[in-house]
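Next, two complexes with chain A in common: one pairs it with chain B, the other with chain C.
Here is the complex of A and B:
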C-alpha cells in the first residue's frame, strides 16, 4: 500500500494543509475586516459539515439534527455569556450539545432509514417551538443579546475548533474505531458479529460530532450578538451540512471542507450580486448538484482524472 | 361546559379536515413514489396563492378555482417527477439512496418554489374574506367558510379513496405501492404510475392549499409548517395508508384544538412530542402494517 507515490502524495497533502493553515492564521493581520468575517463564516460551515460527515458519512444515517446541536450551542452562549468567561461558555456549549446527542443517540438506536431522518428533524422543530413558547410565556422575551467578541478573536477560536475537529476526525478514521464505523455503515449485523459494539460506537461518534457543532454555535453567537429561537434553530442549518458534504464529496476528509468553502462563498457572492434572486438561484444549484454530481466535486475531479490517465495509458 | 366541548371538538375537526387532505397527498408521494417531499408545503402554498390571486384579481369564487389551482399544481408535480425524480431514480444505486437524494432535491425545490412565489407576489401575509358570516351550532359559533372547508376536505378525501379502491388506475397504484417491481412485471406501467402518484400528491396539496386560503391567512413561508404537520399525520395514521391519513388528520386536529384551548402556543410543541414518541414507540402508526 505505502508505495513511494502515496508517501509523496501524503507529504504533499500535509504540506499543503500546513501552508493553508499558516495563511489563515496570518489573514487578520493584513486582510480587511470583511475578509476575516467572511472566513469566519466559511470556517463555521466547514466545522458543521465535517462534524456531520464524521457520523453520517460512514454510517449512512442522514442526521438532520445539526440545527438542534448548533442552536443549543448558541443558546448556551446567550444564557451564560454574561455570567461566565468566553472559553468556559464554549466548552459548556459543546458539552450540552454532546449530552443532547447522547440522549438522542440512545433513544433512536432502533430507528433506521427515513425514521431516523424524521426524528432528528422533529427534534429541531420541537426545540424551536418549545423555546419559542418558553421565551414568550415564561421569561417574557422574544430574543436575547449575546455579549459581543472582537472579530479576530471569533475568527481564531473558530479556526482552533476546526483544526481540533480535523485532527480528531483523521485520528478516528485511522484508528480501529473508524474501521468499525465503516463496517457498521456497510452491514450492521456483520459488524456486530465481528465484535463491534455497534450501539456504543454509534452513540459516542454521534455525540463527538455534536460537541463540535455546539462549540461552533457558542462561538458564532458572540458575533451575531442578537439571537432568537428562529435564528438559533434555523432548519436551514440542518440541511446545509448535508448539501455541502454531498457537493464536496462525502468520502475524503477534505470533501466537506471544499464543499463548505464553495457553498459559503457562493452564498455570499449571490447575496451581494442578486439580493432578490439569490435564494432561487441557490435552490437551482442545490438541485443541479444532487442531479449531476452524486459523488461531489471530488468524485467529479477523480472521474475526469481517471479518464485522462486512461487515455494516456491507451496512447502508450 | 357543553358549548366549550362542542367548540373545541368542532374546531378540531375543522383543522383536522385540512390536515387530512394535505397528508393524503404526502402519504401517496412517500408511500408509492418513495419521495419524502420536504417541499410538500410549498405545493400547498402554491395552491393557496393561486386561489388567492384568482379571487382578488379576477373575482373567481375560491371553491370554483379549486378546479384551476389543483390541475395546475398536478401538472407541475407530474413534470417534476418525469424530469427530476426519474433521473434521480436512475442514478441512485439503492432505493435507500434514492430516498435520501430525492429528499435533498426536494429541499432545493422548496427554495425554488418559495422564492419564485415571493418574486411574483411578494413576501407579506395575504388573505381575503369569503363566506365569513357566523353559523350557530347549539350555541357555539363558527365561520361558514370553515364549515365549507371541512365539507370539501372530507369530500375530496372520499373521492380520492374511491378512486384508489374502485378504479383500474387505483389498483395499479396500490400494486405499485406494495411492490413496484412485481407490479411492473404484471404489466403496470410503473414509471407512469409513479409520476401520477407524485402528481396526485401535488394535486392534493394544491387543493388543500386552496381550502386553507379560504379560512386562514397565507404567506410564502407557510410551507414548512404544513409539511411537518402532514408528515406527523402520515406517521400517526400509518405510512402509505389513505384511511390512516384521514383518521390521523382528524385526531391531530382534535389534539391541536384541545391543547390550544388549555395553553395557546403549545399546539405545535404537542404535535412534535406526539411525533417523536410515535417514532420511538410505534413507527407504523395507527393503521400501518
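Here is the complex of A and C:
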C-alpha cells in the first residue's frame, strides 16, 4: 500500500540519514576534540532513548530501570576492562544487562501501570545499594578505575551501537513482532486470545532494549576512568530517556533521536552559559514542553506543517 | 466424537459457584447456543475454555486433548478462538492490522506475510468490512467492531469459535446481518458456540441449546425442546420484560 508519495518520503529520509551518518563519521577528522566528546554524549543519549522507546513506546509500560541496565554495562566494563579486550567487554556488558532484563521482565511484566513503574525504579536503588554493600563489606573498596579508551574510538563504537540499534528497531517495527507489540499496548487480553505469547514477547523485547543500554554503558565507562556505584547507578538516568522521548515524540523512530539530540545539546549549552540557573531554566523548558507539546517536537512540527499546507491549498 | 468436551467443570468466585459441575459436548459442525439469565455463568464458561481463568475441578478436552492448564495463546493456536462480550479491538490499529495479527500469530503454522495479508483482506470481505480496511478500529461502529473481532478470530483458523454476545447492542437490521454471518461461519466448517440474549437469533440459528442457571446446566436440547421446557420457561422466558423484546 505504498503510494508514490510515501516512497519518495522514505527515500528522502534514507538519503538524509545516510548524509548525517557520513558527516558524523567524518567529524573526528576535522572537528575539535570538544565536538567529538559532545557528539559522543549525544549518541549515548540517543541510544538510551531509542532503546527505551523500543519497549515502552508501543506497550505503554513506563520502565524506570534504564539506569540499572546502563549501570550494569558500566560496572561490567569496570570489572572486566583490565582483563579482556574492549570489544568483548562491550558484548559482555550488553549480555549481562540483557540477562538482568530477562530476569526482571519475567518477575515484573505481569505487573501493570504504576506497580511496574515503581518496581523498575526500585531496581536501580536495589542494585546501587547492593553493590555499595558488596564493596564495603567484601572487597573493602569504593569504586573502580576503568581502563581509558581514546575519544575517537569511543565515538565510533557509540555510533556503531546506535546504527545497529536503529536498524534493529526499524526491523522489529516493520515485522509481525512490531504489530504484536502494538497490539499488546492496545489490549493485552485480546492479543493473547489472537495467539500472541504476550509474556514471552514483552520479556524478549525488554531484554533487547536492555542489551543496547548495557553496551552504551560499557563503552562510556572507559571515558569516565573512575566510577563508583553512585555514579554508575544514578537514578536520574532512568528519567532521561522518558523525558527525551516525550520531548522528541514517542511514535516515530526519529522522535527520541531528535529529542535526545536537542535535549543533550540544550543541557550542555545551559550548563556552560548559565551554570547557576541551568537546572531552573531546564525545568521550565521541560514543563512548557510537556504542557504545550503533548506529541513532542515531531508532533509540533507535523501540526505546523499541516497548517501551512492547508493554507497554501486554500490560497490556490 | 465431540470436538470439545467438558466434564464436571467447576469454578468458584469467593463462596459463589460461578460454574458448578457443568458437562457439555460440542459436536463438529454445529452451532451451539448458550443461554441463561445474567450471572448464570455463560461468560465464565467461555473464560474457562479459553484459559482466562482455570477451573477448580473438572476437565475440558479439545479433540481428546486436555486443555486445562494451557495458556490463552496456546488454546488459540490449537484451534479454539473467541470474541468478547465488550469488544476488545485494537483501537488505534487499522482494521486490516487487527485481523493480520490473528493470521500471523494465531495459527499452528507460520504464515508468510503476503499470504497473511491476502487472507486478512479476504476475511474483512467475508465479514462485510472490505471498505474499512485502512480505518482505525476505533472509528468503526459497534456492529462493525464486533464483526472485526469475528474476522480477527477467524484469521487464527479456528475449528471452534466462541462468540460472546455478538448481537448485544445491535439494531434489528444489524442483528439480521449478524445472524447470517454466524450461518456463513458454520458453512466454512467452523463449529460455533454462541452466548446470546437475543432470543429470535438463538432460536433460528442454533442447532442445539444449553441453558445455564446459577452456574448449573438446567436444560439441553433443540430450540423446540428448550422453548417447551417448563423449568427454562420459568427461569428465563418468565422475565416478561425480556419477552417483550423478542
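Quick notes on this structure:
Please note the rule applied: the second predicted complex is superposed on the first by the 312 of 316 C-alpha atoms of A that agree within 3 Å, B and C clash if a C-alpha of one lies under 4 Å from a C-alpha of the other, contacts with A are read in each partner's own complex, and residues count from 1 in each chain.
Everything that follows uses one rule, which is that a residue touches a chain if its C-beta (ideal position, glycine included) is under 8 Å from a C-beta of that chain, and two chains touch if they have at least 3 such contacts.
On a predicted model such as this, the values are computed, not experimentally measured, just so you know.
Of the two partner chains placed by superposition, only chain B is touched by A:118; chain C is not. In the superposition on chain A, A:197 makes contact with chain C only, not with chain B. For chain A, the partner that touches more of its residues is B, with chain B and chain C as the two candidates. After overlaying the two complexes on the shared chain, residue contacts for A:163 are found with neither chain B nor chain C.
Of the two partner chains, neither chain B nor chain C is touched by A:270.
According to the touch criterion, chain A has no shared surface contacted by chain B in one complex and chain C in the other.
Of all the residues in chain B, the ones that touch chain A in their complex are 30, 36, 84, 87-88, 91-92, 96, 99-101, 103-105, 107-112, 114-116, 119, 224, 228, 231-232, 235, 265-266, 268-269, 272-273, 275-276, 279-280, 283. Those residues of chain A that touch chain C in the complex are listed here as 1, 176, 179-180, 182-183, 186-187, 189-198.
Contact residues of chain C toward chain A in the complex are 50, 52, 71-73, 76-77, 81-82, 84, 88-93, 97, 100-102, 104-107, 113, 116, 134, 152-153, 155-156. Looking at the complex, you find that chain A touches chain B at residues 60, 62, 107-108, 110-111, 113-115, 117-119, 121-123, 125-126, 129-130, 132-133, 136-137, 235, 239, 242-243, 246, 276-277, 279-280, 282-287, 290-291, 294.
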